[in-house]
Amino acid sequence: MKALLFLGCTVPVRNLNYELSARKVCQALGVELVDDPALACCGYPLKGSDQGHALVIAARALAQAKAHDLPLVALCSACAGTLAEAEHHLAHDPAAAEAVNRELEPLGLKYEPGARVNHLMRFLLSEVGLEAIQAKMSKSLEGFSFAPHYGCHYLKPAEVIGGLDDPENPQSMGQLIAATGARAVSHPRLKDCCGGGVLGADEELAGSLAGAKLAELNELGVTAMVLVCPFCNVMYEGQQKAIAKRLDTKFKVPVVYLTQILGLGLGLSPDEVGLKLNRVKPKELIKAFKE
Amino acid sequence: MPARVSLIWQEAPGLSGLDPAQVALAAGVELDDGGLVEAAVVTVAQERAPRGLQERLAGLPVSWLDLAAEIGGGGDAHRLARAATAVARAAGRAAKGTLPPVYAPQPAQSVLVAGAGLGALAAAWEAAALGHPVTLATPFGDAATPGADDDPQAVGLMAAQLPAQVELATECELIGLAGSAGGFSARLMGPQGESSQGFGAVFLAPPGELAPGCEIHGLNPELCVLASKLDPEDWQGPEDAWLHAAVLAGSAQAAPSYSFAAALEAALALAKRPRVQVSLFYTEARVAVPGAERLFRDCRAAGVLPMRVEPGGLEVRGGHTLAWFDPLLGEEITLEPAVAVMAEQSGAPRPAWLDNELTVKPWDLLVPENPRLAGGKTSRSGLYILGSLRGTAPGAPRRAEAAAATADMHARLTGRVVPMPAVRDQLCARCLSCVRACPHGVPQFVGFGIACSPAGCVACGICAAECPAEAIAPPGWGQPEMLAALEAALAVAPEPKMVLFACGQSGMPAASALSASGHQWPAGLVIFPLVCAGRTSQVLVTRALELGAKGVLTAGCHPGNCRSISGNLVAAAKLEMVQGMLAELGLDPEAVSFLPLASNQTRELAQAVEALAVKAEEA
Amino acid sequence: MRLNDCDPGFKHQVAAEPGGEGIRVCFGCAACSARCPVGANRPEYDPRRIIRAALLGRREEVLASPLIWLCSSCYTCGEVCPQGVRFTDVLTAIKNIAARAGHAPPSARITAELLAKQGRLLEVTEFENDKRAELGLPPVEQRPHDFQSILGLEPPPEGGEGEGA
Amino acid sequence: MNPAEIDTPVLIIGGGVAGLSAAVELSRRGLASTVVEREAAPGGRAGEFCCKAVAACARCGACRLGDLLAEAAARPEITLHTAALVTSAEQKDGLWTVELSPQPAGDDAPGPGAPLGERCSLTTGAVILAVGGQVFDPAGKSRFAHGRVEGVHSALELEAMLAMGAIGPGAMAPAKVAFIQCVGSRDAAGGRPWCSRVCCGYALRMARVIRHRLPETEVTFFHMDVQDYGRAWEEELPSLKEDIRFVRAMPGEVTAGEQGPRVVFAGPEGAPVSEGFDLVILSVGIGPPNGAGSLHELFGAAPDQDGFLAEEGPDGLFVAGAAAGPRSLNESITHAGLAASRAAARVGALLEAARG
């Protein structure tokens, strides 16, 4: 099984642990990730001020994916969401498709409907399947508890990317966590937004959005919070110290990527899944899995 | 000399395990051996009896007893005792014989439809289709003139298709009415002057009128247009500006949904005009008619601005400015509209004679909002009130109402001939209690005595309960028969004895359902089915107590749900009087009580009977 | 406020933007406000109120409002709206109009410039690619040139780059 | 057409209030009919409704089912088959031939009518579809947590709870009850762009029943608009508004609190508020009948734009009650009168044509 990997802006620079673990997990599950160095931004950052060009940028990636004739998988929920929405929009609006193609033509690209865009986690669930993933597990994470953070763009808009999960009662991350033998912790703020979307406009607001969940998980005392999006990571891991300071409190909530703990379950070492690169480290996990 | 009563046993669900001979013995009657019968108790309802048996018993005094409904569950001895009490009660009634049945004369079949528009035409059409000669008395010059709230095309089409047996009386109005189903006398005023005619049934469906449905005072009348008079073509904005239109669909109170929907139509038509900005004012978006929610959305999609105001929160300033508070923005908004479109409500003025000549009752008693009188029926048998006068929504619901009313009319005029209430003329004091009491308008004072109109009686017995001279009775259920049945049952019932008078619309169906589910009644409970709780008289209740009953419960319908309008209220009032008497005698007034009940409230009935038994046990 | 002074055309303008179509059907049922995470932290931020002001045609006020840039784009409002109004997208439409009218925050311009220069928000230098190579990760292209053509922007001269995101 | 070919002048599919009413109305017109009910007992949805009377009748019509069952049993013109499924329908020369097959039924099916014994086929002059509407399954709005959070019930479940006396003195006595309106109604996004017409009426009346039984209980009514419901409704509303807290806001979700369900809604200031309740009732709407698709195929009944059955389909096919759109019980009963009238006219015309 092959898929074209869409890295986006943040992952290849800031979240090498995510990329590393994702590649290793895919390898272990028999999914070949194909790289195309020409893939770049998904267009999301421009949406708020210039959605016309944001759409062209997304269409560029979709056209590239189409040229490979491979499903496009992204590690970032915003990339996956933006590209899926663009595909949905362009596939349903021939006039818009024509307009982007006028812009893409000078670049030697052409958008055609039919690109299959997915987030890596949803891709693994739908293409490999929960049971097959579970069957490949060689090490148990029993005794650890993880709080999944689905994030917004992993689930919504349901109209575009729905089907696998109910945004009001999501299950997929919990199932994958449970597949490792660990306990998935449900909590009242499960569906809360990380606030990353307003970080640029209002740091304080973004911080209070993320802070509420961090405080709650700190109280709950989980092994780690589990993410599937580098944008959420900016808030929960990158900003964790700053947020605690602003809220005049102290919390330490370890943050991992779902691929990291899947990797551990698949028998990879903490180094192989890049746990060393995590900023708020899940110490007990590292300790338990050190050879 | 009371007749000898035979028990004719017919097996039915709920009777299994009972020995007919034992039941007969315990009840003091003879078990039928196929021989000669003077009077009989049959253990199933008449409809479920085999035809041969019905023929064998024709002309004899028979109590058709739904025995299973009164027995319920419990051990064999318990059920036997309950069966014996029920059979004894029925036998007491049968032994009394019956008045020679007074059959209704063939009711008049002809029908008067007084009115115009969709409701009137639908009624005329339906009645004619059922074979009734119809007189359609319209205030207009032809049948095709619609009411103001009708769809003119639909009315034109129906008028063109009117069957031949509909006789059209144009420019003709109903000015007076007396009588009841099968025997109405109508006074009509036509171009040739006044005339009087007899009809079997009357449909009243005056043409609908439209009135502004939105009270807003002080707005310059030149700005105002009624929704039905709006021509959207008249309005468009100038080249470089917007023309503001206000559509008023509720300000003092919410418009009804059909009126709201019509306002939405107007708003949408205006919003589609070039450079017209429509603001829609309402207190509640009433979208409970088919398509209205879609229409509401279409309006907004077309640019109509929804402006919800608090009731009374829309103010008029200087005759041309609307002012209201927008809670979301927290500020006052003003608008000077170029046009204000008013939603309308449909209705019809009540004919003057209805209140004085036909009924001494207020309108709400003639046309109560009673689920049993839905679909055009009134408390007066054979009189149907349709459409705008009733306040129903125009359009399709009016046709349904006309169809349902007409079927009821047809059943009344042509159904099984019902023996009508018999008035024993030699006993009648002409006190007119029955005329006042009957909610269906059946007994009328004619000449020197009481005459009952043939097809109107539902046998509720309210007249019989009221008659001080025991002169009037619904078929076979005069006071003597009732008392005989009560005496026979209480003679057999084990201690402590209790009586449940059960209304045929509520208490009895609930009791039957409980019995069918195996509910165990107290052994000493006599279940006494009545057509209507209104049949309970003071005499009946006090006699039950004299005969040893420790408690009496009357289970009738909730106020507003009585098929005979006031039977339940009458019963409750009677019981209250008995309670007063008991209190004066130093006895427990709580020994008698009225239980308002619906047929599906079995749990409430079981609880009340249980409480009754506890009290009786203590007494 | 006098409705006659407002601009009824504004809502139609928003509706004409991609994603803005939904604005007109809102009648303020409040489902979105019940779930807006930003509103929970900033009471002055109420999706309904922004839509209401836009519907009534208070163009300048809406476009100049700093509130319109506070959406976290979590999409919850759109999921719960019984009318299918995707407020996030409506606001995107409004923000695009605001940006064209010169109301965009400075970060919007910087973002465009960075993308034109790098094809990504974050710069990938040799340092990053070396680090990637150390971990066994393939190199990433640093300057996908077609972004300049798409955005119609020349990249800023070397050395005078933006401060990164 | 030969009138002798007719097994029953009119065949009525569905033995709920609409179907039974149609049969009774036909009987009043002197026409025989056969009613086919899928379940083991007739009565349909109305059998689950509670009486909503407090001091007086609330005019909900739930008690009329009993009248109809009794009347249908007493009228010899009406044949009632229970536990019977329509398997095929065919129209030829103006007559419908409908095949029925027996469904497994319990041993002692209560109520009138008898379970269909064996497969049979009936030829009839007219068919009335009275299959009722389908009550919205609240699982379709998972944010309201039905089935996930204890204390969240659909209004249909509340009907049963009130009928069984599960709420009241000596039983469950919730201190705070919330009703959430328009669950599966007025929901364009959910593909249900219609008002279900009856929910404001039933919810407020059940709220009043709860307040009557438990005067200390606080009831909150979350709604968008209060719809009209019957002639006397406008006069009834002010007293309801004094008794019940009306909150005009569509809640965003129901969450699990420590003491029970919590309703999240936009508070008076606009920002989200989370309030705890003991009981949250979801006022579920009415949708097109279950299996409308297959009935459509069987009889060629045309669905309207919302998927309800259009009132008049192909020749000799009529629709009564909530299958044609959301209706109250009283309205369904009256509406069945129209279907009966049309069916009777149709059968009359067929017979006349046969006579030449």
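So that you can tell them apart, the chains are marked A, B, C and D in the order they are listed, and the count of residues begins at 1 in each.
Note that a residue touches a chain if its C-beta (ideal position, glycine included) is under 8 Å from a C-beta of that chain, and two chains touch if they have at least 3 such contacts.
Values in this document were obtained by computation on a predicted structure and should not be read as measured data.
> Following contacts chain by chain, what is the lowest number of steps it takes to reach subunit B starting at subunit A?
Minimum step count, subunit A to subunit B: 2.
> Measuring from the mean C-alpha position of subunit C to the mean C-alpha position of subunit D, what distance in angstrom results?
Chain centres of subunit C and subunit D, defined by C-alpha means, are spaced 46 Å apart.
> Please report how many Å separate the Cα centroid of subunit B from that of subunit C, as a whole number.
Chain centroid spacing, subunit B to subunit C, equals 62 Å.
> State, to the nearest whole Å, the distance from the C-alpha centre of subunit B to the C-alpha centre of subunit D.
21
> Return the residues of subunit D touching two or more other chains; collapse runs of consecutive numbers into ranges.
143, 186, 188, 224, 253, 270
> Among the residues of subunit A, pick out those that touch two or more other chains and give their numbers.
168 - these are the residues of subunit A that touch more than one other chain.
> Mind pulling the subunit C residues that touch 2 or more other chains?
Residues 25, 46, 48-49, 83 of subunit C touch two or more partner chains.
> Hey, which chains are touching each other here?
The complete list of chain pairs in contact reads A-C, A-D, B-C, B-D, C-D.
> Considering only the defined contacts, which subunit C positions touch subunit A in the complex?
Spelled out, the residues of subunit C in touch with subunit A are 17-19, 37-38, 41-42, 69-76, 78-79, 86, 92-93, 95-96, 99, 104-105, 107-108, 111-112, 115, 119-124, 128, 131-132, 135-141, 144, 146-147, 149-151, 165.
> Inside the complex, what are the residues of subunit A that reach subunit C?
The contact residues of subunit A facing subunit C are 7-10, 12-14, 16, 19-20, 23, 35, 37-38, 40-41, 45-53, 55-57, 60, 89, 96, 103, 106-107, 109, 152-153, 156-158, 167-168, 191-193, 195-198, 200-202, 205-206, 208-209, 274.
> Considering only the defined contacts, which subunit B positions touch subunit C in the complex?
So the residues of subunit B touching subunit C come out as 242, 244, 277, 279, 285, 296-297, 300-303, 305-306, 308, 326, 328-329, 331-336.
> Please name which positions on subunit D make contact with subunit B in the complex.
25, 28-30, 49-51, 53, 55-57, 59-67, 70, 73-76, 110, 163-165, 186, 188, 193-195, 197, 200, 224-232, 234, 270, 305, 311, 325, 329-331, 333-338, 340-342, 344-345, 348
> Under the definition above, what is the set of subunit D residues touching subunit C in their complex?
Per the stated touch rule, the residues are 143, 182, 186-190, 224, 248-253, 264-266, 269-272.
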